[in-house]
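Everything below concerns the one structure shown next.
Chains: A, B, C, D and E, in written order; residue numbering restarts at 1 for each.
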Amino acid sequence: MSEFTRPMEGATEIPPAGFNFENVSRNARLMEAWTNAKEQAEAMRKHHAQHGMDVAPMMAGGGYPNHMPLAKKTGTTIAGIVFKGGVVLGADTRATNGDEVAEKNCRKIHYVADNMYCCGAGTAADTDQTTALVASQLELLRMDLHLPHATSLRMKTAVTRISRLLFRYQGHVSAALILGGVDKAEGAQLYSIHPHGSSMRFAYTAMGSGSLAAISVLESAWEPDMEEADAVTLVQRAITAGIFNDLGSGSNCDICVIKNDGAVDYQRPSLTPNNTAPFRAAITRSSRMDMKPGTTPILDSKFVPHKGATLADVTVTEMEVS
Amino acid sequence: MFRNQYDTDVTVWSPEGRLLQVEYAMESVKQGSACVGLRSNSHCVLGALKRSVSELSWHQKKLLEIDDHMLVGIAGLTADARTLAKYMRNECLHNKYVYGTPMPPHQLMADVADKHQRTTQTYVRRPFGVGLLVASVDPLTQKPHLYQTCPSGNLYEFYASAIGARSQSARTYLEKHHETFGDASRDDLIVHALQALVGCVSGDDELTKENASIGIVGKDEKFTLLEGDALQPFLDRLELKGGDDDEEEAGDDAAAEAEPMET
Amino acid sequence: MWGMNHHHRSSAPADPKSHTTRPIVTGASVLGVKYNGGVMLAADTLLSYGSMAKTMNASRLMEIDQTLIGASGEYSDFQAIQEMLEAKSLQMQSGLLQEREGDEPPMTARSMWNYLRVVMYHRRNKMNPLWNSVVVAGKDGATGEFFLGNVDRLGTTVEDNIMATGFGAYMGVPLLREKWRPDMDEGEARALLEDCMKVLYYRDCRAASRIQLAKVSADGVLISEPYELETSWAGSTDYIPLNTPLALP
Amino acid sequence: MMSASHSSMVNPMSSNPYGLKEGEVSTGTTILAMPFDGGVMLGADTRTSMGSYATSRSTDKITFLSDHIFCLRSGSAADTQAISDIVKHYLSHLTIETGREPLVKTAAHLMKNIVYSNKDSLSAGVIIAGWDPVEGGQVFNVVQGGSCLKQSFALGGSGSLFIYGLMDSEFKEGMTQDEARALVKKAISHAMARDGSSGGMVRTMTVTAEGNKRDVTPGNELPFGPVF
Amino acid sequence: MASSGSGYDLSAATFSPDGRIFQVEYAGKAVENAGTVIGIHAKDGVVLGVAKPLYHKMIVPTTASYKRIHTVDVHAGVATTGFLPDARVLVGRAQEEAADWQEHYGSKVPPHVLADRLGHYVHYFTLHGALRPFGASCVLGGYDVDTKECGLYMLEPNGAAYKYYGVATGKGKQVAKTELEKLNLHKQDAESSMDVATAVKNVAKILILLHKENKDSDGKPMELELSWICEASKWKHAPIPKDVLTAAKEWANEQLEEEDEDDEEEEEAMEEG
């Protein structure tokens, strides 16, 4: 999962509502510039090679950038399976910004409705906003239809809403989702939805950069009608495979179990295989590094009140209540 | 020395089917000072007698390191030996780079022997004028091997051997005792090597820590050179007679003295 | 001495791009594990030409001097490596002074691995790589322990208890890492490799269910005949596409 | 089968799988060889094309290498003719030196050596088929790039893609000569019907210990024509 | 040597007035002075053998550096004699030829081609003043993988590479030839033609006989080196297994003793008669 740089604290400019694609045209311009630079470099290298000069830099891609700047690679492992009593979803908790770990414990299993949750891979903002948008649509729909129970909301409806939204944006909304949940019509269900708007139903699936690692675990050990405990362990194993084998995934494993009766068991964290506290604790720092209060004596102190308005000038009125 | 028209060129066979130029090259080995080699089941030891060419010169090196598991002792033209040693060192390094393992000695020796042969079949080069004793340990089996090369391109493996000036006395000594070398300890082998060398010292000289040199490789022992003070404890175990006696006797006496050490 | 040979095959073209730029006939993943008493490799027997299955019974595992070699990537390059190693082996075996007591092979797995590194690195420096990732399994000459290593087309070498090339690096390794133990017996090793090959068959479009196993153990080297994996399709057969009108019961 | 654009990249699945240069004549082809009881049967279409123009409609792609060994050529006509000439030359040398007929695998090996070591400048996919006294009838496929595959039957050229399924289901070991010829003709006719770069007639060659026999089926007498 | 000193014998590039090339003949002398090599082409394989007297006490007799029979390729081997460094070069060349053939044609070189190519190589050294002829000879045994037949050839310093049923060269050439001729090896089709097991015994016998008859080597220890290509060796060139070798030696010694006794009896009978 990646995060674009956050706006500065206290920035005054508020972005317009909805998704923003001003970078699309910027990227197109960059791409063009890059292609030109590459062609020039190629021509140069050909010239060199024909004259018997060193052509080694080609291998290293020297001289021009290897590729145009892209949105940062998504690094995530999410997975879900259907078991006898419902659906289990799992996700890692690492958020990356390029090669940096931007956040060690982020939430990737999003609330969509009381009876369905959604794991998101891709650009963090896109998955957050998409799931939130659909969540509010579903809630409005539920109220509009006077559905008494959460499980009366159909999974199909959610899948359709999400995939229509994503398709409308032609893949520019970078959200790869696994939607899991239960409804009265079809029981426990699991769907994967790709950024371009396609959706598929599975008994088990995985997405994100760690999906290959996760799916290998699921493919080798999933079986029909698993018990809940086994199902949770399997998803944990799949996510852990992503955490340890995919560099884009890491930190903890979150789990969300949605049972056939609509009950939800959201475990966050469910596993903490990368707890660093013991390692930190194991490092003994010299006591000389710790400075006790008072180590530096206070020689003198002085208080200068602000010269402008004083507290007494402010008129305090009570807030109106209705 | 026998001279005739067949002896000036390496590419000419004599009517008897001999290569006289090559045989003459073999004579040059006898010009060098002596070098002995012997092996047990775990170690291979070379001993050499160093010469100094003048009062002001150092004793010249006789034992050259090739690799951790290999060293050569030389007798004959030093410059020719240096060429060969450089070649052998290069081959060892190359093998290490390509296969990640030390050069198997038998393989290297075959190449060295072929290198000698090449000089005997074309008239552009003269044969090498040097004999080598090569002490080595096979890196795979950890067994010691002692090889001897010859300017003709012949190659032998020995339990013990000696080359160079006055080496006959050393060979006699080694021949008498070689059957006991198999189980001998490392230190005993060194003493045997020195004892064999005693007979090779020229009349008015004697074997000292200055002119003696010992090189060892063994199972679990990388190339070690013993010279100077390090050699003294071993020299102290010899009774130096050599000088005045004739060669055969020197060997015999030395043998008689050496025997108690082996028990 | 193929690879660094004296018969130079073709002069380098003026355009460096026209060197080998991609594989044409390819084999998919090779997997390997060390286990208690040996080391085992697995590979399927499919060769692809683009996405077409060109032939379905080609072995990508070979034995040379009690060492196993398995390769993914360009098959013609694998054949060249095969010929090169066979010639090398013969050269070393019949070499003039080749006689050690016992039948120690002249080149152990580790030295073969090292030799391949030199050849592959040399070729990539000539901008003409051998387009393979090669797994080497056998015995380490110096220690007598079992050896498992990999050389890629750049000449990078890796040594490990588990090994996977191609897609196997993404889908085999997680399982191998999770399940591997040093005290695994041969049956466990085989089961683990078969599990991984199965997953690869499910999810790698260039993999097949017809595989070969090979092992090096105290008994020597054994390469199995190709056989079919048993696959499972449970959980994958039930679902019909979304928004398909359902026939009423 | 070929587009005119130049590309040194070889993409087997593109419309220009052999990376031909502009104006290069290619045998956009269907070729097929299979062993039968007592020999091998080779078959090929007869179209040679340059882009979508058929420069020849009666080409003979079944090329002599030695008395009982032939090759079938696909890819660049110039390249494959040149290398089969070289292999033929090598084999005649070999025949003189050894005093006996060359083996099919030797011919395949020579062909592979050339294709493999010149993979960057050749566009050639060649099937070598023949009979020798040691191993009987055999078929080798030397694929673009230089892999050498011994196969139970071999297909090559752009048209082969259309008949893999047919051959997979109809080929059997140990067919009679007549069955083999009928299958080869049928398969090539099917390929010619669906592949624009294959066409013309079907030529076959039967190679047995007793001798070789050619056969041509004109374009209007094929066992299969397009169904409309 | 009658012609020595005539000045026509100093270069391989010089003919003598009577059309001989003395340098090649002199090189042949190096072979005639060296150890004997014997080869037998039996009906089901080939056997090569050399005898190596141990002239030196301290030499390691089992070592590879003392080897005189070498494997050239899986299916071919040579036994060498003469000036051994030269012989080693021939072996190396044979190995190269076999490897080149494999690389070029993807198959095993037929033995007659290998012998022929080696002959060309040796012959080249008889043409130039700057080179000298090889002072070595070798007996080549090989298995033709295609025709499933074995072949036995001898290479001489002049470049000749003839095929033989049985062949000997080196010091004991004459005696060995006489003994080989007694074995009727050229009658391969006959019922009684020799199999490879018998050939091994006879090679051992002839070599031991030669050793005993030679005044220089008698009494000195001797090492037999024998190899074969036959069904038992899976048609590969391999040293003869130790037990087979020991049995052959025992058989040879018994035979020789019997013959001695017979001779003595005969002699006695003669004397008496």
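Observations, loosely collected:
FYI, contacts are C-beta pairs under 8 Å (C-beta built on N, C-alpha and C of every residue); 3 or more make two chains touch, one makes a residue touch a chain.
Note that the coordinates shown come from a computational prediction; the quantities given were computed from them, not determined experimentally.
With contact taken as defined at the outset, subunit B and subunit E are each touched by C.
Path length between subunit C and subunit D in the touching-chain graph (shortest route): 1. Chains making contact with subunit D as well as with subunit E: C. Across the structure, the highest number of inter-chain C-beta contacts is found for B-E. Centrality by C-alpha centroid: the chain sitting nearest the overall protein C-alpha mean is C.
Work out the mean CA point of subunit A and of subunit D, and you get 54 Å between them. Each chain gets one centre point, the mean of its Cα atoms, and the points for subunit B and subunit C are 47 Å apart. Measuring from the averaged C-alpha position of subunit A to that of subunit E gives a distance of 80 Å.
Centroids built from CA atoms put subunit B at 74 Å from subunit A. Residues of subunit A found to touch two or more other chains are absent.
Touching of two or more other chains is recorded for residues 112 of subunit D.
In subunit E, the positions touching at least two other chains are 63-65, 88, 92, 106.
Every pair of chains meeting the contact definition is listed here: A-C, B-C, B-E, C-D, C-E, D-E. On the subunit A side of its complex with subunit C, the touching residues are 45-46, 49-50, 55, 58-59, 82, 156, 159-160, 191, 199-204, 212-217, 219-220, 222-224, 237, 240-242, 244-245. Listed in rising order, the residues of subunit C touching subunit E in the complex are 2, 83, 86-87, 90-91, 93-99. Remark: subunit D residues 94, 97-100, 103, 105-106, 108-110, 112-113, 134 touch subunit E in the complex. Contacts from subunit E toward subunit C in the complex involve residues 63-65, 67, 70-74, 88, 91-92, 95, 98-99, 102-103, 106. Only residues 5-6, 10-19, 106, 109-110, 113-114, 116-117, 120-124, 145, 147, 152-161, 171, 174-175, 178 of subunit B touch subunit E when the two sit together in their complex.
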